[in-house]
Amino acid sequence: MNKLSAVRTARIETIASAVLSVATPGEGLFEITRDVAQFLEQNKARHGVVLLYLQHTSASLVIQENADADARTDLVSALKRLAPADAGWAHDVEGPDDMPAHVKAMLNGVSLHVPVTAGALALGTWQGIYVAEHRARAHQREVILQFLGCCAR
Amino acid sequence: MNKLSAVRTARIETIASAVLSVATPGEGLFEITRDVAQFLEQNKARHGVVLLYLQHTSASLVIQENADADARTDLVSALKRLAPADAGWAHDVEGPDDMPAHVKAMLNGVSLHVPVTAGALALGTWQGIYVAEHRARAHQREVILQFLGCCAR
Amino acid sequence: MNKLSAVRTARIETIASAVLSVATPGEGLFEITRDVAQFLEQNKARHGVVLLYLQHTSASLVIQENADADARTDLVSALKRLAPADAGWAHDVEGPDDMPAHVKAMLNGVSLHVPVTAGALALGTWQGIYVAEHRARAHQREVILQFLGCCAR
């Protein structure tokens, strides 16, 4: 039997937006949980939701296991199996890692949200927020953070 | 030619949040559409949007076909093909179903939204909302529901 | 080192909703960026976020590369590799393209958001918004657009 908790209600007042620039050193998952938490603190965010949006087509946003680094390595190889470099892609002008990167970005997506409760990200125990870089080389990636809710400054 | 309907505008007043606890018996898709509808009713939600967030890394949220149970079976086997247990994962301390579960959760995602119109979920005819359990054993899964919009209590 | 920009704050006042009907000619990615921009203009949307929700289980929403048409062709073939028609699906009453379409829709998802800044979609340079049709035949697809933010009419 599923169970619903008591409901907590807050007013929605403002939307606070900022851009987080993330320097990725190459393929892999790079955690931005602390950056997002810092954005909430700066805005005295209390109750609401934070929306994340990545402005790119060859990287993506992922919520995943933040404990064992092996898990991140496996996630990267899982994506490589799903979108291998040697699949005979038509779009290959930007190099063999480009089209696989687009496929991986499509599968993972570039937009997600996390609830905010009492000023903190309501992540599960093992959850971290990551920018997944799918290109081989270093990139600068922009994530738009938006807090909707109560008591933003 | 694409066509845009008339626009309906409502005020945004409140954000109502609750946690839905879902007991999953093991691998599979488990529908929570009625639980989400009940959350909206309790809050006298009229116009707006409901955000769903799952606090786990080995389960996910899916909107899919709610008519034929075979479709759900096929979705589970499709995911098994994409993330097989015997792929030689580095992260295997929690058992052979653990790393595949993380991969499936990454692909499906843990955050989504559904519009709310005149007090009802604006789902398509064949759409249901599901918690997808990717682990073999039973688990307790927490979904944070948030209604943003008009006329929550 | 990651860097956070200055924060811009606006009031949230209204939620404006409309339905965009998209006629898809068959399998492929069909751009709706201009339709979404037009929805924002009509509502004099300035700062906030637009939520998109697709009411179907065999099509999906994707943000992807809008420059080279080859990239879209490759995205379609990538999905075909991940969910082939001849995988021995149990659910096959609606034809061999039906169950693969459900799998592709599950992987891509049917809900996403894009930030709105100064009246414009805050898309990256190469990003376009697409309805991905996964069925072989033409369909009519409904996308619910919702603008949350400031200065909607």
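Here the chain labels run A, B and C in written order, and each chain numbers its own residues starting at 1.
Just so it is clear, contacts are C-beta pairs under 8 Å (C-beta built on N, C-alpha and C of every residue); 3 or more make two chains touch, one makes a residue touch a chain.
Everything numeric in this text was worked out from a predicted model, so none of it was measured.
Trainee: Please state the rotation angle, between 0 and 180 degrees and to the nearest 5, that superposes the Cα atoms of chain B on chain C.
Mentor: Roughly 120 degrees of rotation.
Trainee: Indicate whether more than half of the residue numbers at the chain A-chain B interface occur in both copies; give same if so and different if not.
Mentor: different
Trainee: Quick one: chain A and chain B, Cα centre-to-centre, how many Å?
Mentor: Computed value for the inter-centroid distance: 18 Å.
Trainee: Listing for chain B: what residues touch at least two other chains?
Mentor: Correct list: 12, 82, 107, 109, 113, 148.
Trainee: Residues of chain A touching chain C in their complex?
Mentor: Where chain A meets chain C, its residues are 12-23, 32, 35, 38-39, 42-43, 51, 53-57, 82-83, 87, 89-91, 93, 99, 102-103, 105-107, 109-111, 113, 142, 144-146, 148, 152-153.
Trainee: Residue numbers of chain B touching chain C in their complex, please.
Mentor: Within the complex, chain B touches chain C at residues 1-12, 47-49, 62-65, 68, 70-71, 73-75, 77-78, 81-82, 107-109, 112-115, 117, 122-127, 148-150.
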